[in-house]
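What follows is a pair of complexes built around chain A, which joins chain B in one and chain C in the other.
This part shows the complex of A and B:
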């Protein structure tokens, strides 16, 4: 069975890469646009920090490092969960019907079926750039332990964002119209996650920790590696909570999605 | 005989109150070739979607391979193949407008992913349906010979013409040799000569493998060449379910001739027709084309009166079935 899954993965990977890169100029321009958009928000952060020097004890390099986690996990997220991001279109164009009729796991097919390589590439580039600019000058001792923690952070962050989209896409089984709530919630939260969570008021903080848990995508993992003074406001164990939130959140989202699928009609 | 599909008292009412499927019941056994006919909006596509598990019936009992289609059991997917053309998609999406919208909706749907090349699509299908490589190549060659898809292998599905796409769609299903093949207007956009080879291929494949076929179409010719049973849907109701020959030979030969004369015609009592109606200088007559030819009738009339205009009408399958059903009820 697992051998079989690997075969399937290989077949999808082959077609996925080939196709989304087929239209060279289009892909290139789109990548560039995403890159510029992301870079401009980084410049925003940069100019802000020129004025204040630090935000709750975080200097520019440290915020860059935190941002690199956000971009890297988003890049991975877009490789695996793109179909959930674009789910209303998938239903509208009948692509979901095709998946339903095929004799393989629906969820597996969806994860394998789409990857927005253009976005993955541009966010990936940003994250690598931010990582190079910051990783060696923010006082992290890169050893087996911290590298392992970093890898777990990557996976948890990807899965947490996946869970958010899986959860929201389940609503498309009940309502055919896409009301854009998903995008609004996700992008707003993601924008907030550019800065340390501690700078926000209680409501936003709570949302980012317990509703749309972006704080566990980049803020608390970065805290583990950087140990900034504002961590004193939170329980110590929050720094180890990301994998738990990823597993629990994704399981709940998945169960809700499978349950909602029963209400789907093409 | 092994029953493959059971539909019992299936009802599907859409949100707008239309009874798309209205208390429909039938069985299909293994190896049968069933034609599904009816005008647009008769409920053909809805019925197909109920069988595939893409729609949930409001009431009734449906089993395919002894399983409920909505269970999304993977074993059903392995044994079932579906090809749907333009009208199927329009009906399925409840669209009425024919235009850019309809066409763009069509672009995305089907068994093939429009963003992939034909080659990649087939590669994916080979993996999904677990077809060994050598067997795949053998089957592909056969399909290519009949459908001529080999030359588009490196094209994206979105770049193909409708006819090319439909041929590729048909091949993409036949390549895994499903036990049950469902075709919803599959020959749309395919040119006449290619149509013949598609029909030939379907006939051959289905008889070689005892494949069960459901073919929804409004084109009688297609049904005649492939199917041995016909189900006729009208406003969601199944109004005829039986052999195609019965329709054709008992009811299909009733032609109509309309004649306009230059002067008023008193009577034509000894005309060799089933019945006729005369009004001033117009006459309409129904005759059995097995017993008498149009030539005989016209020469009979022309020998007595001056004909100004003449029209012979052969009934469509819809009219034939409606005549027949009308006769059954009255």
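This part shows the complex of A and C:
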């Protein structure tokens, strides 16, 4: 069964990539534009820290490293959860009905089907660039333990972002139009995650930890590897909580999504 | 002229139709500002000034640049859309100047955004952030003149990028890259004062500084006497230059469209 799924993903990926990169120059420009757009915010931080040296004890390399986790997990996220981003369109254009008719699990099909390869490539490149610029100069000892932790971080971060989107897309079964809110919640809170969570006030911190848990996508995992002084303000076990948040968050989002599916009227 | 003002008024009024959108936009701008407010509070811990810039100046500069950046109506791909729909030539037959109509329509929208989306953000920000006022009422008036010139520059810059639709399949990439450059080097992601000197020297040869940086400097009264006039003249120079470029490209583009029979 799992081999079968991999085959299916391969087939979807192949057609997806072929479609998106059909016009070479155009798709190159498009990827470059996404790359520049996304890199611009971290460039801003770079210039800022050129002047100020550190932000709450984090230097630019350490912020690069934290940012690389954010963009890597985002890149993985758009390979698997893209459909949930564009879900209102899927419902409106009847694409969702097409999925309902096929002899595979609905949710599985959605996850395998909707990658945005241009964006995934651009964000992937940024994360690799940021990783190369930082990973060897921020004092991380790369051994079996830290590599394993890093891999778990990648999976948890991807799943946490997926959970947020699955949860919000479920509202589309009730109201066909809620594009604004989902985009707003996700994109705006993602911007907060560019900086260490510790710089924000209490309310913002709590939202980023327990409501839209971006702090567990990159801040606490980066803390485990970097051990910055501002970690003293949080319980030690927060550094190990990302997989738990991912599993619990995704389960809740999935259950809510399945439940809401009952109310779907084509 | 009257008809163009009508175009602007229609676009201004049409934004009243969707109050929910406006609330979301206000929140977006506010959140963006809140992030940088926290960032600068943290960066300035234990420091009074950095390069002669105080924390409240940096925060105010961010609020001004972010607010206008959100209000300016850029990134709409009008020429590309018209070409794909095949209605560009129809637009040219109409007894109004296509570009002027677009400019006035966008001005109508922008005015709405400034009054109903940006102003509320400023009012809310005044409640919690330590903002700095303009140096004097004279500087405040000068600031508004400069903001208007900056808006025209931003619009023309956007239009020139949009005109590339005559020559490429999609201008989304070009427009996005242009916007990203304005964000980084124009003062939206980091106040221009903090950019390295070498970078600022290069930026003089681009329209980027004219959009937010010069108005902000005039607001704080950082230019004295002759420099003030030079700053305004520098902005006017960019309007003339970009206007000329957009004119040239427009003529070449339209010729090409007519030759190919597309549009």
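FYI, the second predicted complex is superposed on the first by the 261 of 266 C-alpha atoms of A that agree within 3 Å, B and C clash if a C-alpha of one lies under 4 Å from a C-alpha of the other, contacts with A are read in each partner's own complex, and residues count from 1 in each chain.
As a working rule, a residue touches a chain if its C-beta (ideal position, glycine included) is under 8 Å from a C-beta of that chain, and two chains touch if they have at least 3 such contacts.
Source: prediction; values computed, not measured.
In the model built by aligning both structures on chain A, chain B fits alongside chain C without clashing. For the three-chain arrangement built by superposition, the Cα-centre angle with chain A at its corner and chain B and chain C at its ends equals 90°, in steps of 10.
Once chain A of one complex is fitted onto chain A of the other, the partner contacts of A:188 are limited to chain C, with no touch recorded for chain B. Contacts of A:7 after superposition on the shared chain: chain B is touched, whereas chain C is not.
In the superposition on chain A, contact is made by A:36 with chain C only, not with chain B. After overlaying the two complexes on the shared chain, residue contacts for A:15 are found with chain B alone; chain C is out of touch. By the touch criterion defined above, A:56 reaches chain C but does not reach chain B.
Within the superposed three-chain model, A:97 lies in touch with chain B and out of touch with chain C [touch as defined at top]. For the three-chain overlay built from the shared chain A, the minimum Cα spacing from chain B to chain C equals 10 Å. No residue of chain A lies in contact with both chain B in one complex and chain C in the other. By the touch criterion stated above, chain C contacts chain A in their complex at residues 20-21, 24, 27-28, 31-32, 34-35, 38-39, 41-43, 50-51, 168-170, 172-174, 176-177, 179-181, 183-184, 188-190, 194-196, 199. Residues 4, 7-8, 10-12, 14-15, 18-20, 22, 92-95, 97-98, 100-106, 113, 262, 265-266 of chain A are the ones touching chain B in the complex. Those residues of chain B whose C-beta lies close enough to touch chain A in the complex are 49, 52-56, 70, 72, 74-78, 80, 82, 89, 92-93, 105, 107-111, 113, 115-117, 120-121, 123-124, 126-130, 156. Of all residues in chain A, those touching chain C in their complex are 23, 25-26, 29-30, 32-34, 36-37, 39-41, 43-45, 47-48, 50-52, 55-56, 180-181, 184, 188, 191-192, 194-195, 199-201, 204.
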